[in-house]
Amino acid sequence: MNKLVIGGREFSSRLFVGTGKFSSNELMEKAIEASESEMITVAMKRINMTHEATDDMLTHIDRNRVQFLPNTSGVRNAEEAVLAAQFSRECFGTDFIKLEIHPDPKYLLPDPVETLKATEQLAKMGFVVLPYIQADPVLCKRLEEAGAATVMPLGAPIGTNKGLRTRDFLQIIIEESNVPVIVDAGIGAPSQAAEAMELGADAVLVNTAIAVAGNPVEMAIAFKEAVKAGRRAYEAGLGAQYHFAQASSPLTSFLD
Amino acid sequence: MNKLVIGGREFSSRLFVGTGKFSSNELMEKAIEASESEMITVAMKRINMTHEATDDMLTHIDRNRVQFLPNTSGVRNAEEAVLAAQFSRECFGTDFIKLEIHPDPKYLLPDPVETLKATEQLAKMGFVVLPYIQADPVLCKRLEEAGAATVMPLGAPIGTNKGLRTRDFLQIIIEESNVPVIVDAGIGAPSQAAEAMELGADAVLVNTAIAVAGNPVEMAIAFKEAVKAGRRAYEAGLGAQYHFAQASSPLTSFLD
Amino acid sequence: MNKLVIGGREFSSRLFVGTGKFSSNELMEKAIEASESEMITVAMKRINMTHEATDDMLTHIDRNRVQFLPNTSGVRNAEEAVLAAQFSRECFGTDFIKLEIHPDPKYLLPDPVETLKATEQLAKMGFVVLPYIQADPVLCKRLEEAGAATVMPLGAPIGTNKGLRTRDFLQIIIEESNVPVIVDAGIGAPSQAAEAMELGADAVLVNTAIAVAGNPVEMAIAFKEAVKAGRRAYEAGLGAQYHFAQASSPLTSFLD
Amino acid sequence: MNKLVIGGREFSSRLFVGTGKFSSNELMEKAIEASESEMITVAMKRINMTHEATDDMLTHIDRNRVQFLPNTSGVRNAEEAVLAAQFSRECFGTDFIKLEIHPDPKYLLPDPVETLKATEQLAKMGFVVLPYIQADPVLCKRLEEAGAATVMPLGAPIGTNKGLRTRDFLQIIIEESNVPVIVDAGIGAPSQAAEAMELGADAVLVNTAIAVAGNPVEMAIAFKEAVKAGRRAYEAGLGAQYHFAQASSPLTSFLD
């Protein structure tokens, strides 16, 4: 399989994992380890904006193997996002930033205009910008032109577990994009992660579905397997859908 | 994971593979090996009703590891099916029989009445009967009562690759069945196989999607991984779907 | 528009309406009148098996305009169904019978084998048999051969309002049937009734969606309009679906 | 039913019709008349930018009854859109403008940033702006704040006839919007138009599905009926979907 490269860094795993909503830090760490993910999102609130990583979570993870992806969750516009990204760079010692600007507290959907504006600024400032956005193909092209390292269109509203409700638009985005496409938000089951990969997505980000599973560690493994399966199927070449049945077995009548 | 038991035989793999439509026997064998399947369907036409297995296909497969599942494809009613099953028992030396009675040559959909009748007779004759049928929950209960070893409801018409179009009914079948439920027909991508397993299906049967893939061996591996992922997710406990967004990251406003 | 003929009787309306679940008989009557339906189902329990129609419901409906369609709801097998049909013929003075055999009290799904058996017997006895069944194309052909006046495949389990979950199979049934196809059960919104008609169904049966609506009379009108719209669209010839956009407006660049 | 008001004008019909793709102007006129639409889109190319309406199409339509909605199709950015709107105002003598900015010629998807910019400018210039956009709830709020008279989110890419692929997002837009929501693009069948209205959309715009139908005039009537049915159902209050069956008929066993 081709490797995924973002911001000059190579990733063997195509499963990105979020760190919110776990019932304990210990469980989160174990799930992340089991997932074999090499890119994990971290909320800045976790470190309370102190300039050192005091959160237990951060101390046990091998950053040679795992890239931290701080997100800007909680900011309301481009200006706040840029400020947050600068803090983040100091705190976490990384240029990677997951840009999340969602002014509406109910559905947490991203703001396309502020996201584009912040992407432009942050890219100029040397950040590796991964913007979380609607599955809007034109916006994705503009983010790419503005210097985004990837685009991260959503499959369904965050935390709904509804899967690829934006499938028709994800297909267009994947077809037209020159930067990696990572499906973010809405993926609630390994089958949905596999579906995203079969469409040709470069990676998926999963958080809620692992964190709130009955057994988060086993669910992390299930997602790992499903992402591999989906990517492998994409590379192996899936068949088309047909209206009529296509017999698998010879059909000449049995007793002729 | 709990093991799957059918006809007194234990199966580690929950992926059943069909042997039709491959471009060569060699490719078929390699794909089957890669799939790690322990149950493969074989059409009786393959051996031309001679009483010995002359087909190259059959000679290279280790029957200690792999159970042959001859199918009755081509028969039009219960009477022909019973006759075919008897031939099959002699030819293949197994009591396992995949019952397929589909009089209509266009969509190859199964006949519920003849299938039930044949199941009753074959079960009495000591066969391990795996009937291929519509995703009809009442019929499934009647087949179970008639002695079917499993039920094999279809996801979509054979060879269409449309996936779980019968999902609402599969859920009911799985909930109510006392015998293993194997989703047969229509599964066109690993994500769809994973979805069936997440619903709680005991196994899936895949043929076309592997056989006609750009790279059948890689696709077989992808299905193997996806089936494992789906089963693991089912056992780990998937979350519900929500209408409203559920934030993964702390949302207290950034600059407060 | 071509008229619908069942049992030698011509129907201008393609909306059949059920009479269960209304909060009052008065509301039911008004809704039926508003629907302009010419075929309404009646449960035999309504008349308590007395040989006269004492139910208020029955007295106010003009049977020259509206065909009563008694159903056998509550029977568990063919034998009971035949008995129920005979009672029904005496009570209601009609040969029309909606055959419903659903032994399972949870999902109320029809029994294919007993339904076929009862259809055969009732057709021989001169009944106009409208069997309620799974969307099983092979079963539909066998019912047709057994003398069914129509087939009534379900869209989704009764009362779920889920719409045409069996769409793929309804299409095949419609394509292959020589008797009218009436989609029964699961239709929860006028849009879903329209969709069934667009596929080429000859009629739809709606009950729950009208009876439990905020305003059942207005909802009955909405279904009436939607059924007409769907049928008209079917006859006018719908376009295909496309993957790529098809511009509606001239696209030559504006300022060239 | 409540009336729809846009730009101070009241509309009895909630079906907007596009004028592209018809095989003749005569057929277009007849279809528009049959649709009873009071808002029809016109492409500026149709009048070749001459300052008089020479197109036959325009001369036969009663503008007291029908509002012309010129669109900016063909422009690539906000600047061109503003220029086009000004021409349009002169040519058509109306402040109504359908804002369409889609730089990509393949999928004709709208540009969110340029659309917002043009909306701001045109609203300040006194235009009644109806922007065509992605089903992006945050963008819709921003367009509303910028002075848009309505929002016109797409159901699927233009001309694909795929229906409400953006359904999850349309629901949020409808819930949150203070201006009328008109579903534009992708609606390929009357059932889909009814579905949009059932969700609570204020109107739908249909073009391709009518223009390319086997019989465009009949299809226009079908859409008219379906839009009415869907709106009526929305106002009458639709029931919820259920997982379990809900019996319509009394279920006490028949022969007890």
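Of note:
Each chain gets a letter, A, B, C and D, in the order it is written, and its residues are counted from 1.
As a convention for this text, a residue touches a chain if its C-beta (ideal position, glycine included) is under 8 Å from a C-beta of that chain, and two chains touch if they have at least 3 such contacts.
On a predicted model such as this, the values are computed, not experimentally measured, just so you know.
Mostly identical positions are employed by chain A and chain D in their mutual contact, as over half of the interface residue numbers are shared between these two copies. In this entry, A-B is the pair from A-B, B-C or A-D that repeats the interface of C-D, since more than half of their contact pairs coincide by residue number. Across A-B and B-C, it is A-B that has more C-beta pairs touching. Separating the centre of chain B from that of chain C, both taken as means of CA atoms, is a distance of 34 Å. Those residues of chain C in touch with two or more other chains are numbered 107, 109, 157, 162. Contact topology of the protein chains: cyclic, one closed ring where each chain has exactly two touching partners. The residues of chain C lying in touch with chain D in their complex are 18, 20-21, 41, 43-46, 71-76, 80, 83-84, 100, 105-109, 157-162, 188-192, 194-195, 198, 207-209, 211-216, 218-219, 221-226, 228-230, 232-233, 235-255. Against chain B, the residues of chain C that register as touching in their complex are 102-104, 107, 109-113, 116, 134, 136-139, 141-142, 156-157, 162, 165-169, 172, 176.
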